[in-house]
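Each of the two complexes below includes chain A, the first together with chain B, the second together with chain C.
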Partner chain A sequence: MGTMLASPAFARTIAGLPWSPAQTSTPQSLVGQHFLTAAEKHCLDALTGRLIPSDEYGPGAPEAGVTTFIDRQLAGFFGRGDRWYMQAPFRDGIPGQGYQSEHAPAQLYRRALASLDAFCRATFGGRLYAELETEAQDELLRQMEAGDLSLEGVSAETFFGLLWENTIEGFFCDPLYGGNRDMVGWKLVGFPGARYDYRDVLDHNGAPVRLEPVGLMGGPQWRVD
Partner chain B sequence: MRGFGITSVILAAATVAASPATLAQDTSFAQLERGRYGVITGNCQACHTARGEEPFAGARPMETPFGVIYTPNITFERETGLGQWTREDFWQAMHNGRSRDGSQLYPAFPYPHFTRMPREEVDAIYDYLSTLPQVKKEKPENDLPFPLNIRLAVKGWNMLFFDPGPFEPDPGKSEAWNRGAYLVHGPGHCAGCHSEKNLLGADKESGDLRGGRLEHWSAPNIRGGENGGLADWSHEDIVEFLQTGRNRHSAAFSSMAEVIAYSTQHMCEKDLQAIALYLKSLDDEPRDQPDAPDEAVMTAGQSIYADNCSACHTSDGSGVPRFFAPLAGSGKVRNPDATTVIRVILEGARSVPTNARPTPLSMPAFGWKLDDSQIAAVATYIRNSWDNASGAISAGDVEALRQQLAE
Partner chain C sequence: MPRKLPETDVVLVGFGWTAAILAQELTQAGLRVLALERGGWRDTPTHFPPTVAPDELRFYWRKEMFQDNARETLTFRNNTGQMALPMRRWGSFLPGEGVGGAGVHWNGQTYRFLPSDFEAASHNVKRYGPLADGLTVQDYGVTYDELEPHFDRFEKLCGIGGVAGNLNGDIQASGNRFEGWRSSNYPNPPMEMTFAQHRFAEAAQALGHRPYPAPSANMSRPYVNPLGVQLGPCSYCGFCEKYGCGNYSKASPQTTILPVLMQHPNFTLKTHNEVLHITRDSTGRRATGVVHVDLEGETYEQPAQIVILCAYQLHNTRLMMLSGIGEIYDPRTGEGLLGKNYCYQVVSSVDVFYEDKFTNQFAGAGALGMMIDEFNGDNFDHAGLGFIGGGYIACWTTNARPIETHRTPEGTPEWGSAWKKAVAENFLKSTSISTHGASMAHAANHLDLDPTYKDVHGRPLMRMTYDFTANDRAMTAHLTEQARRIGERMGGREIRVKPRQGPYDSMPYQTTHNTGGTIMGSNPANSVVNRYLQSWEVPNLFVMGAGVFPQNAGYNPTGTVAALTYWAAEAIKTRYLRDPGPLVRI
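Presenting the complex of A and B:
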């Protein structure tokens, strides 16, 4: 028993803009949401691994969790095209007009990955895209980008555009969303993360400012153990 | 009281003009003004108004250690309010904590403090309340497990701790000092939150103002003399805080926000000066030096602080006075009872909007992104950095408060 004098259970009657304790709009990390099958992930790892390969500068897209990022995004509103106008008629449009496919992104991925593997099996003696030599993989990517590859039931060029965009997003996103694991993308380019105050380092006199990157949910430096 | 058809000051004034001899005593402008001011000093409106509903009509839920009780309607409506109460009934409630039917009132109604008010003041409040619009409003059933036993327990509590009687001025002190002491211990009931309680809920050392806790807020030590919590605050700082909700040291955001919004910001400057004078006269013992916290926790805490807090409170803890409170030297941060600090980090905070400072600033909630050990680390860091030395907070402390707030 603490005290008998009590204060009101609701402390929000004072005038002013609405404000409620403990209410925040939190980012949706979509942890635990999945869309892709194991075979699709396998193919996607191979594709993104050629777009951003592991090399002397550091880990590449698959190691950074880009496939995890894309998988979660496809399982959410992005994958369903919830925020886009997705009604017929579907025409090609001009490049500046944005996404023109009749397939929402998740379905575009599903069709494109299946068609790509089918194409590879037919063309490369039964091998999947992921099983090709890197030179052949790169060549296929180049053809897709240039619109020179025709895939069954889907525009390879449209798919490439979306894949390229999502790979970059997954490599540089906040780690909260599944990509940019251990902030490898940020470390690569020297981005210090979601900070909003640089007053302490304003007087750096031209010297590079090297700050340990920090994500929305922190970093190793926040760990207490 | 005779003839309570009177429901507004204007009507009252008209009646006075018509028959000055009979009613002038009760409804003169001076008397009603005294009552209105008494209501401000006692903060009656904050507790006796349900959120967003008619003022003084009660039905506001209050959490007590026994369960939730609702404040009664104190407009003069006949069925549901004080319409049938006599002045004597009202005096018994305010002075002795007894309701009209003789039952014992819970000290969630601060009558242990209101008892310091003189009879004339209480009568003036009665007269003023009688002029307010009457609202018919039934109060909800209290949510108490064993109501009867509790009213009996309060009776026992009263016998042990309740010391009725009007304030007795100290003839050795100035008039202003005595006025300050009266406001603090009487109508303002500052000690109701700012003093530690014993197990039965009475102020431990009658109103020592060395800090207390109420409804998951810790209220800091507000003694202003040597070693007191407000030792670094000037008279002007105290007046500014009570009048505007902010000063160069701090801003109010908790239950204190209501005290300022409904009560102290409406007090006259002379009374606020008197409160400041009185608080500044209270010395205290030096505080114990707690052990220095674990190095690793401080290091993690510093990183968490740099990445989450320093943008507003600055890395040297000096803040942006009157906008983002300085944490270096903050009485709330240095309070041995860290409830308020932990709660602010969990839930965020908003400084109280007042007439003088109508635009409040907010601090975001961190409970969703920092886990218990991280909140403990950053709380430990701010409590033991700069010149603060207030001991460590454990993850268990954070977990416990998180659970209580969720209930």
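Presenting the complex of A and C:
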């Protein structure tokens, strides 16, 4: 009774509390996992760099490692849509029905990035998205967001929605996932991270509470390399 | 052919709050109880200790706490003129999967519905005349007075922190004067409030309202519950809703019941076993058990004397449909009861931005809030307002999880440098007032089986047809205006009103408060289950959960779901076991 490990893989009968030491379910950082090509990463750096630019307020999405984050995520279960319902038939829905693309996220990125660069090459004298002036880059993003840009084989609006969602994730996630490098996202806004106990500051009464952020693996100040 | 297993007295389908309560009650009564849970085992030290739990990407955005959409989802449309399409991933609501169900990832906001909520039809008709066209609101068939002892049990099980407003009829100044009578005070004091709650309370008071501390299942101090299970004090980490609690500080099946229940020799839990349908004898009037399947695809026939559906509201309703028990509701004819009166929750908010004051909302908890009830239920005169029902208005400080919560003032661009600047400047200096409104049943809103899309086993998905009703829209406009008035008096630089407008959108998170589909009532012509949550058609089948709500009230549902479960458990123990058969005879 109560000695079986908490394995998620198999159906089983449980009696007692199946607790064992050192059996914590740890996160998958996907370090070393890649999906994107160099050209795709180049384009993604440019896109996310306009969504969250580097400016006087601090580093932007590329400097925060958002492209690294997205690359790893697309290489994993998220990119494959493993936990999404991906059964046919696929139809265009109303906005309130959410994501209806037949492509799981990784393939959506692949098609959208290729189509965007193809569109830019044809429209802007052979230049890629990353080679355009920032005003032109912003204008294309606005057109994608509004559904006014037609990209070959993929909905620009759907891609924009997913890209913006993943950019925010990569900018503010725990650094173990490759984004929010050196906790630049958390430092920008003043989020203290995974501290888990704020009882001492509850009576702040409107005064600022500034705490150095800590992630699940510690903080940048703990680094020994 | 499914492999036939030895019979058990009771089989529970799903293993969240309602199953844990029933298993504890029924094993104590001497019954052999088996729970079948389609997800895995989960517990504090192994699955969400403090070193693992505060991971926004993993648990919420990658949906680790929730049901796997790849295996089963539902389809959605606003009305029958549209084609329902699958929710390919969760959005507006988040059904749980695994031991503890959604009781692991809830906030802990724990209410008793108002006495008039249980008599929503008769009460409102008596005061305001006939219901508006299309509303299919009806009484629960059970009264607040009957449920009071059961609310009390759940509050003590969970260690709810709060301030009584009505102790045996005596109104208490600092509590909610509108609440139904309570036989005893909350077992714990309220949570410690922060700057935002103080400002909300001052503003609400200035408008003549009586703010009170929200009842909380996040522990305001260490607590030992009546089963002898210990809960630790909340550390206000800001990771309640959508997360498991690492401190044993949020009441859940794991932190209140399982340490005792799991040791009971009469109790067995099988995880990663999904129930496919309920089996019946040749008369159709008696359930013989369930058929379930494990992850390897092996199917089993599990005979039982009593079958109790304890899965989420959507799943209980679908399981009844897939088992062919009862007629599925058809909005064209009004015939059929299964899937009827699907309701939700109608929410809106008003953000408040400060210039030089810090809300530091990372220091928060799921049920840390001050609230008012002046506009809930029938606590105010609805004459001439064009709607029935209402909701509460609260200022919560639940979190500053930055992927999810980064408020920006009106007129801020959606991305780019200006967005980044606005997020940076307002992240620690904003708060929000929530309105949490009822959802009244309407003939057009319902659940049935989808004709096109299938689950991993090849069976039809549930199809949801839902939009906000005229009653909902008038109600939420009224509540939002009251919240705006409070927000304007909270001393901020500016406010941003976020009304609930347009068609219901299944993607942005709103609440996991889906109700109806297996509604309770006074007779077999108006309900799927009787006042004891017993199937009219199959008396040894019971259905728990918010699916039995004929319509949803202005409060969060868990307290009422639990009270109904204790109420049903008592009826099973004291009456059904002695004389198995219908507990209500017409």
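Convention: the second predicted complex is superposed on the first by the 199 of 225 C-alpha atoms of A that agree within 3 Å, B and C clash if a C-alpha of one lies under 4 Å from a C-alpha of the other, contacts with A are read in each partner's own complex, and residues count from 1 in each chain.
Quick note on the criterion: a residue touches a chain if its C-beta (ideal position, glycine included) is under 8 Å from a C-beta of that chain, and two chains touch if they have at least 3 such contacts.
Computed from a prediction, not measured in an experiment: that's the story for all the values here.
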item: Which of chain B and chain C A:D117 touches, first, second, both or neither; value: neither
item: First (chain B), second (chain C), both or neither touched by A:R199; value: both
item: Partner chain in contact with A:E40 - chain B first, chain C second, else both or neither; value: neither
item: First (chain B), second (chain C), both or neither touched by A:F191; value: second
item: Touching partner for A:V209 - first (chain B), second (chain C), both, neither; value: second
item: Touched partner set for A:T24, first chain B, second chain C, both or neither; value: both
item: First, second, both or neither for A:G218, with chain B first and chain C second; value: first
item: Doubly contacted chain A residues - partners chain C and chain B; value: 2, 6, 8-17, 19, 23-24, 26, 195-197, 199, 216
item: Contact footprint of chain A on chain C as seen in their complex; value: 40-43, 45-47, 49-58, 61-63, 68-70, 72-73, 76-78, 82-83, 85-89, 91, 192, 194-195, 198, 233, 235-239, 246-247, 258-259, 262-263, 267-273, 294-296, 354, 357-360, 362-364, 400, 402-403, 406, 414-417, 419-421, 423-424, 427-428, 452-454, 503-507
item: Partner chain C, residues of chain A touching it in the complex; value: 2, 6, 8-20, 23-27, 50-53, 55, 57-58, 60, 77-78, 81-87, 89, 91, 93-100, 138, 141, 145, 164, 168-169, 172-174, 177, 185-186, 188-199, 201-209, 216
item: Chain B to chain A touching residues, read off their complex; value: 46-47, 49, 51-52, 60-65, 68-69, 106-108, 110, 112, 154, 157, 189, 192-193, 197, 199-202, 212-215, 217, 254-255, 257-258, 261, 296-297, 300-301, 303-304, 307, 310-311, 314-315, 346-350, 352-353, 358, 360, 362, 364-365, 367-370, 373-374, 376-377, 395, 405
item: For the chain A and chain B complex, residues of the former touching the latter; value: 1-17, 19, 21-24, 26, 195-197, 199-200, 214, 216-218, 221-225
